[in-house]
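Think of it as A, B, C, D, E and F in the order they're written, each chain with its own count starting at 1.
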């Protein structure tokens, strides 16, 4: 494997030509590109394939909506406070609530919930 | 140990007679039977023994009742929603609420709570 | 190291003189004393140093207050019940609520919350 | 440039795909389908299936052993070394030719490297004899073992099943059992299915260790089944685990017909008077009683029984909330992920795509059915002596599979009489079955080790 | 058939019961009673007692070492081998007769197998000399070690105590201490009890390592006590752990009389002005100060101090909620279960039913009492110099035992004046005591290792 | 008495302070400041900085190796032994003089003890040659290794990064990616920055392994960076980890100027029509597709990709709530603490205070910038072909750094048009970048190992 041998040897001792490196990297990038291209194609095909038979049964409205969906449009400050308390109690650690919102469009809502969870989960509040 | 020797040897190599096996299994089942019998007897004796002095002090009403017990008979949909929110927030993962019920008979209630916890704990919602 | 040698040897075999021990312990206590003294001094110095520039920005009101702060002075039994439910659900284990209080003085409140957390965290309810 | 592509291709896993792999992918898809869309014990089947998927991709680095001393897996003698000290070897390279001392098949064996690295020592010279477990050579490398090599220690060292049982204990309420101790016998009776299956399996040619591991499927206790087969028949572990967990989900399909066949309508209509309240002290005493008595009886199952009752003691003593919570959630959830995936990772095509697997799956059904039947029959026998009759429908719950078997009794009971609630009555034999299975598992270990 | 029964009986644990076992069962029951019905530190005592119960059942498989090289536990020479390579041995079988080289007692020792399996190597020939830790032989088996052998690594490797301290740090608020730094001295003074107890123990004939481990009970810090005795006197670990944790619960009984005896009513009535608010920055600086200064002073206690302040830094920095939560709950709860049970599993009758144990238990009371007294006295001494007096009742909190000792000060204070709240003032010496004990523990390790 | 004080002083760490330590303390303070007051990835930087603080205190006991066989770290021959069997050695004592066989520099090396204890065996005689990894001697002691020696196994054995990825997978929603698969290319393009940096690093004289590890910083995936450098350049691990995590926090500063420079206002104004809802089944199929395809392509990254998609499968299948919760919280939080501290503990002054570190930090900026640019440019290229244009501002999100890069796209988008919401559109390339980086990391491992 022409470009791997020098590397193998090099990793043991000495330095390596820029051109070899350039080729090495180009191949690397091309491999990433092609592989993710292939993935993109596969995904599209799958999506097409699935779009034929109804997946409704198989994908119930995401559960997270359920609870919030129950709340009426305007949430009384009282409820707001209680949710706060609930969060406070349930997380057992200092914590600030950004906002409690009720939502019409479930579609949009799914995103925002998603977004909020994402951020909440992967970062602490500041 | 007559029936163990052949097994010991066999486990190293070769097969074993059906009758030996039959005896082996019979003994096994009898051991399970007798041992759990003994347990049953012991338990009954203990129960009898304890039933003499009052255990009231020693067995307070199971804590879980406390919170729910506070709720009045009919729970307003609003509260229902808030509990939903609380659960949602506190579990931090997709989740559906089966039902929130308030209870008269604490005895019965203990069971149902038990049942619900059991199932909740050992299985995910479907 | 005059008093360490005998100890070193002793730890291998034999017993040790009371006076050596006495000295050994005295030194130990003095070391603890002096070191914690030094700490006390350092801490005081630091505190003095920091007291010059305003640390307001750097020490925001402790987050935990936020949620509770939202609650109005008197909490309706209904809310109380719901918080109970929330705690119950969120802790998923038998649990008794001592009390849910709303607070005026944030300073005091910080302590009490602190105290309550301390105790809650390091011990189970009895 | 394009040539470089081909060069790299040789480094990928594509050339390594064997015919078994795609087949196993399909098996995994089936398991995923059952778990996700049919709700077959998803908490275990999803990790198992995913582990199996990884096991059937050409990624040996996931499970490779760490370098170190190479302990011989056979007795015999070294005929010839094919490597010299200082040589670099890849996992699977030929190390030496050994002469097996096994009287049955004394042929020459090609001994291959269990891990990659550099040979730093040959411990046995050609001509010298060696025995199982003796150091053959030493391999050195700075590369660690595979991720799943380390995770699997939890199974190899038999740590995971007891820890799962710690959580199970913290989740189990023995109250119904204590309120009606006689139900312990129903849990015992269900083990008859285990014994029967042992006979069947042994008759079909499985060794005693294998038979015991297969039979325990009838106990419907995943952790116990994994514990036992890891000890007595590790090569069957994947098949047994899959059977144990998927059948647990089949309980609602397997049991009802048997229950109905063995009971008359009047029996199914029997109402049992509601259970008395059991005091905390009783529950604590019970936990200690079971610990002492069962461990004295079958010391080999001490870790299972001990952890089960420790978790239960935490639960019932009422002063260790934090520990109950940790056992019921953190510990059991995290261990479940590791247990499931490391069971799955053993599920390679070579191991799983064998007639044995089918035999095991079918024996599993036998086990479940007989266990169910014997539970019901025992209930009927008890009714001959008991003053207040018990509903035989709760006998089937003796197979444990907590709490599903109990729910089946409940459902069947209500089919006969919608106002009859058997759930809590069935919880008694249901949890008794867990103890019964642990005891017979201990019996097998004690006698077969 | 009945004969088979008897055959099996020989495989059970019943024949192995020794007289110590039932005695220890009673000891366990007492511990359970104290923990469950008297609320003695149940989070630790329940796992310890349950571990002790398991330790006193004939189930060697719970703690057996995994097979592998047998490292000699003594220096001397091999007189004779009683096994040949290839022989199968059970744990406890006679391996060899060794001649001890210990000048004190040069008798012959019968060396027994530490684990079960097949001998694959005898590393020392008869007549050859060997030293502690040298490889004597190698045993091979596919059986792993016992469950608690693996869990106990956390104590053997001194991992559990620091991890517990990580959680303790995340649960501790040093604010009160920072608001009145002089209280650090109260925490320091309390260590006088440790020193006194060392003298007493050493005088009673304990070795220095043992004396230090016993003395540290007076520090009222479970993890530190376990850490120190695992290092300096592992054979006393169970007794020390039991004393440390049960006395912590006795604080409300031991302290009040001493406090009252040493203080006058006017002193008990002293009111302290409420503590200033301490800024986040101060708390963070303090965490780093303690880490650097104390580790420089006693590097031997680095893991304890480092983890304690790491947890505290997480807590105070306000941007690592997830890590605080993990330290305060997941980590500390799970480790507590494993720490407690693996301490308990060392509590075998042979080890625990000894006069030493009683001596240790009594020395523990001494330690607590002197610590309490010296804390109070130090407070009175400080009052000679301080412009604003401190209430000597908070001096007793210097023994740590967070937060119980502080609550005792609060209660005693209110007995004198119901409107006087000392809790938060007592938290200062209370947490200072944790640091003080860690320092003196480090001093002992540095000088005795 | 005062003399005793001085005696003790010699046992403290104060005499051991080197000039690097105070310098590193300042470095730690800077990291703490960035983490706590500037919000730079505090979840990782706080543990790393605290670990670094401990690493730069004279407490060798924190990281010392446990006693056992001493495996030579070099090839050559033994010239002379400076210890005899039975001798007690401290960590760092001179053991032997070795003659290196390295043709480059064949000088004599003084070989020092890796741990403390008693020499029980000298395995190589003077004059004999030995090779890397061969047993040189055996040291015995009852003392265990240091706390961080054990914790660091998680990095040495490459266990922590995959476990973090398990949690990341459980936290990641690939929905936006599936709704617009073309965004996968943006995630791929961003890897160009990695390749460029490799060239730069290699040109600056770093070896290929080092260059790859440095380059991967541009991938903005902490766990992948740690995984790769632990494999290819462990000595650079601390610098790389610090760069990887602090630059992730710098994303909001580094990216915007580049994004604006490369895009025209009309491009920034492009509105993308809202994403279609993606079905559960699609997400599940995707998880399996990525697992199979990517592991086949780069088996070396199997543990990273496998765990990532396992966590994601848990998340999407909707029937394993408990496992999702465990992955998203318990596992990722606990591992983060251990990962961070054990990365920090490697950050000793000798290692970190080097010109290389500055070069790495500067190369890191290059990597991030080029990645950002190439992502944006790729988006513009795609627009030449795509019927419905995509807003090039989401191209920059291809560097992953989930979810910060996506938020930057959102912010920049709104700066151009306050009513334009790009967040969800940017999540596509954002998560694609994770896969892209894992693939190129696998490519490096496959070709450089």
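As a convention for this text, a residue touches a chain if its C-beta (ideal position, glycine included) is under 8 Å from a C-beta of that chain, and two chains touch if they have at least 3 such contacts.
These numbers come from a predicted model, not from an experiment.
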Among all other chains, pick the one whose mean CA position is farthest from the mean CA position of chain C.
D
If you average the Cα atoms per chain, which one ends up farthest from chain E?
A
Type of chain D:chain F copy interface by residue overlap (half), same or different:
different
So, what's the distance in Å between the C-alpha centres of chain F and chain B?
45
Distance between the CA centroids of chain B and chain D (whole Å) is 20
Suppose each chain is reduced to the average of its Cα coordinates; what separation in Å results between chain A and chain C?
38
If you look at chain A, which of its residues touch at least two other chains?
4, 26, 31, 58, 63, 82, 86-87, 89-92, 94-95, 121, 124-126
Using the touch definition from the top, which residues of chain F touch two or more other chains?
8, 11, 39, 42-43, 297, 318-320, 322, 325, 328-330, 443, 447
So, in the complex, the side of chain A touching chain D is made of residues 1-4, 23, 26-27, 30-31, 58
Residue ranges of chain D touching chain E (in the complex, touch as defined)
71, 131-135, 156-159, 162, 166, 231, 284, 288, 291-292, 295-300, 302-303, 306-307, 310, 313-314, 317-320, 322-323, 325-327, 330-331, 443, 446-447, 449
In the complex, the residues of chain D that touch chain F are 8, 11-14, 17, 25, 29, 32, 35-36, 39, 42-43, 46-47, 50, 53-54, 57-62, 66-67, 85-86, 117-118, 120-121, 138, 140-141, 143-147, 150-151, 329-330, 332-334, 336-337, 341
For the complex, give me every residue of chain F touching chain C.
1, 3-5, 7-8, 10-11, 37
The answer for chain C against chain E in the complex is residues 4, 7-8, 10-11, 13, 15-16, 18, 21-22, 24-26, 28-29, 31-33, 35-44, 46-47, 50, 55, 58-60, 63, 107, 110-111, 114-115, 117-119, 121-124, 126
